[in-house]
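Next come the structures, one after another.
Here come two complexes built around chain A, the first alongside chain B, the second alongside chain C.
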Partner chain A sequence: MRSGRRRLSFAWIATLPFFAYTILFLFLPAASVLIGAFQNDKSGYSLSNIRTLFHHPYIDAYEGSIKLSLVTAAIGGIAGLFIAYAALREGTPKWIRSTLTTFSGVAANFGGIPLAFAFIASLGPLGVLTLFFKNQLHFDITAHGFSLFSMTGIGLAYMYFQLPLMILVIAPAIDGVRKEWREASANLGASQFQFWRYVGIPVLMPSILGAIILLFGNAFAAYATAYGINSGANLITIFIGAYYSGNVLNNPHLAQAMAFGMFVVLAVMMIVYIPLQRRAARWAK
Partner chain B sequence: MAPSAVFWLLLGGLYFFIPLLTTFLFSLKSNQTGKCCTAANYSWVIHNGEFWHTLKISFLLALETIVISLAIFVPTIYWVHLKVPKLRPVLAFLALIPFVVPPIVMVVGLLKFYQGSPNWFYAQPWGFLAGAYVILAFPYMYFSLDAGFRSIDVHTLTEASQSLGARWTTTLFKVILPNIRAAALAGSFLALAIVMGEYTIANLSAFHTFPIFIQYVNETQGFPAGALTLMSFGITWAAMGSLLLVGRKRGTRAAVVAGAR
Partner chain C sequence: MAYLELQNLHRDFGTVKALDGIEIELGEGEFLSLLGPSGCGKTTALRLVAGFDRPDAGAIVVDGKNLTNVAPNKRDMGMVFQAYSLFPNMTARQNVEYGLRIRGKDRADRRKRVSDLLELVGLGHAADRYPHQLSGGMQQRVALARALAIEPRVLLLDEPLSALDAKVRVQLREEIRRIQLDLGITTLYVTHDQEEALSVSDHVAVMYGGRIEQMGSPAEMYSAPATPFVAEFIGTMNRLEGTVVDGGVEHAGTTLRIEAAQERPRGERVLVLVRPETVEVGPANGGSGVNTLVGNVVTQTFLGPVTRLKILGEGVDVIADVPTQKALSLPVGTRVAAVLPAEGARLLVLKEDLPQIPEEPASASR
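So, the complex of A and B:
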């Protein structure tokens, strides 16, 4: 026993690099954003940068980011739910399920610059689909108000990773809706609709909301995809990026304040997410 | 199959394939005339020195990230499973933090914190960028490895190994590591996919990696960018395919959503 103790006192050193690493590359940089956001040029403390965030154009960029994230999370979440259910429900061949998981895994990981270009090649001004609509179907999408460089266009591209993320996250929850529950409600005379209205949806609700919140954060944090499509988009991540790649670095503390603002939005999101996650876990197998 | 199921699956399938198909058609157009069909864009990419150069940088960065991650996380997670299971929720919580601190916020902090640090670190992708990528890979590595460790009996394996006189290092390398190989591989492939596609941090800290090259071609070349995009998609497929292949073995239900958005 004593010798075991002695070994223990040496071996815990194995965990030291990990904690040292997270402190050096996660906590201290995060803390420097936190502190920097509340500093001014003369390295004194002030709220001026935080206050600036509430004014044009910064507040509009937050609004743009939040709106885009909400819309793509809601649409992606609901459509993803239906696609996942279509693959998992009875009557659908088993191979579809594993195929869908594989393809979702690939699509969810296909983001950023290449994804942006895939949409430029499809729906951009010279995109294959744009030209196909124009020449073959005599329908000019740009003349009808569509632009890939608008928020709608960026949202369409975001959907490419939002849908598969929803499918991957919600599939285990759908699996948790047990066959016995459906049989029991059918025995009591419930219709398919009544089962979903009173049993299925209420049980799945925390999982669905939790997944949609995850999708929100996913879109809110995205930078490369939007940048690749429209480097002037009215999104907060684009604003922060412009501060570093451009030549407007006159006030780095403003960039830190913008980053801090993003962090606050995502922290609020996590506070909503965690209790939902707990509730959803109640029905997990 | 129910008609509504067919509808939704068809919709999902079309959304997945149409952008890939159109990118493929786009990549076959001539960069001079804009007409179909030529393989010139692919040959342009393959004969471009900068393509190979940046691809090599990103690949080596991915390897470095994987090696550092495994060296840091494997002993820690092993130790936590063996001796201090109370710390497991703490690690799981830490692994969620990179989700709340997105890459763009992280890079702002890293640039501020390491401003003025020595050049061998700050000005080198192998220093600054790799340092950031280990944190990006942390959640995926952690959840993969944690699942791997949960599927084996850490205590019995360790006791058996020690009772035969093995030292800690021998136990870790010769007994534990072979047993969590699949989980470690799964985490590694996710890290590979992340690093090969990461744009945000590389761009803001001005390093020339593969995704930066793709964006440069996007802005300047048009049609060859289609070829590059498909090649990048191929890398994602390869990484995810390998992940699924090793995932067939038990204990590797890893987090499969990485990505550089």
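So, the complex of A and C:
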């Protein structure tokens, strides 16, 4: 009993820095955002900032962020699933698997200004690839409507971390699809397609849903990559940055209201996600 | 006419010969166990029959049809795997129904057949439970029902009991045999457990190094092992190395009168095989009778109705199973005389060193 108490107090001491850090840099700022969102410049409480969010250009920025996040999460999720499966399936050389997971580990954490610079240097108006296409292949991507500074261009840059993140998150789940299930299914007369339709995908579905919600949140909260590519992009995180620290648009309470709006969007996503996840995983322990 | 034929099957994995010319013929409705230690090729053979792997040479024929190159989902074989192969996202009922659903069977027929099969395996009450809500034994029962649902031409069982505890193993193996006999389904069963193989099979094939060492009825395998390996693998056997002399076999300075030795040429190196239950043991009273080896009891192992004695003496190493009541009068340290039977002992020519049987891990299969 006594040693149990001692262990408990040691555990508290060991985790104290983490809790202190979380309180100082997560909960307190979140509380400040929550309170600030409902305040005006004269320290009075008001819903005016919240009301403002429903008007142009803020509502458009939310729409832009949600669309970008949904599209990159969906494409990244589906493509990542196929890539991960191709790399992990039986018969694929082991070096492909280890190379892919190592690269994914690095790429999933590569973002922000360096990523923006890498894309500008390769796919910007004077980027290496842009010029290669133009001069060597006689294909002008800008003349065909592509601009790195558009939402499509930013989405393409986001795919650089979305795809690897999906691969990293889904790989353990794919590993969990047992060879015996595939063999039992074939043994009972099913084709590969029928196996994936009735067994493989349903078994993976909770993990796929979880990964896609993670990808959505990852893109929704991304700031520096988009800012580095196009500081005028119609994304809510760029608006928040501008209103929080901008010299021209400085309005911290509106920025806090926009951040509060992001909480709400994520909360709505979770409200949709949780019953779906529960339904998909009804068979799990 | 044979219903299932494995004709000269060969399968190499790199330099390892997993199967080296397997020949099996099995009649319709018969139960054959492939028995052997880890790495002997028994699971490889089963996987070739299921179609999960292709032989390098040879053929698999079922009911006169060559299935060697037929895809596994077109073979109509039901298979029960070593462990936990149930689809986790489906209830017991849905698992059993799966093969019928794939075949597009009518819904009402499906439901009736599934209910019948779940009753057959004693799980009618657990139809709506998911695999994680079932014990290991229950899961394997569902797996059996699932394999039977499609009315397979051959039932394949790949060490289906190896992950279960001892009591459930015994119960389930008896149930498998009962169901197999009820349905008259041709069955190929892979196991490394000789007791399991002997207790449920019509025929047992002992495999070693990718070959079949011997195939026969459980009684034949037990009483007349054809090779030293089979003798070692099936049951417990005293193996006494000796040389044929006039009137018997010389072993540890004693001439053993062994009937089977009379047909052997003098000077031949042989192995005398004697089951422990055929050895008579009594206190050593100075004189040495026919076929008597003298030594001390060094260990006693209680096995229920009998107790196994290990007797060591000068050149003597014998084990004997004696009634437990009698064993009480022969405690460890007692000097005893072990009398070997003249008629029951088998004789094998000793051509090479005796094989070492690798230890089988509890749940390993291939």
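Of note:
Note that in this section the second predicted complex is superposed on the first by the 241 of 285 C-alpha atoms of A that agree within 3 Å, B and C clash if a C-alpha of one lies under 4 Å from a C-alpha of the other, contacts with A are read in each partner's own complex, and residues count from 1 in each chain.
We take it that a residue touches a chain if its C-beta (ideal position, glycine included) is under 8 Å from a C-beta of that chain, and two chains touch if they have at least 3 such contacts.
Here the structure is a predicted model, which means the values were calculated and not measured.
In the superposed model, A:F18 lies in contact with chain B only, and not with chain C.
In the superposition on chain A, no contact is made by A:N135 with either chain B or chain C.
Put simply, more of the residues of chain A are touched by B, taking chain B and chain C as the two choices. Of the two partner chains, chain C is the only one that A:W181 touches; chain B does not reach it. The touching residues of chain C, counted against chain A in their complex, run 50-52, 71-79, 81-82, 84-91, 98-99, 101-103, 130-132, 143, 146-147, 149-150.
Interface residues of chain A, counted against chain B in their complex, comprise 7-8, 10-12, 14-15, 17-18, 21-22, 24-26, 28-33, 36, 79, 82-83, 85-87, 89, 91-93, 96, 100, 102-103, 105-122, 126-129, 159-161, 163-165, 167-169, 217-225, 227-228, 237, 240-241, 244-245, 252, 255-256, 259-260, 262-263, 266-267, 269-270.
Per the touch definition, chain B reaches chain A in the complex via residues 1-2, 4-9, 11-12, 15-16, 18-20, 22-23, 25-27, 34, 71-73, 75-76, 78-80, 83, 94, 96-114, 131-132, 134-135, 138, 168, 193, 197-200, 203-206, 211, 214-215, 218, 222, 225-226, 228-229, 232-233, 236-237, 239-240, 243-244, 256-261. Every residue of chain A that touches chain C in the complex is listed here, in rising order: 178, 180-181, 183-191, 194, 198-199, 202-203, 283-285.
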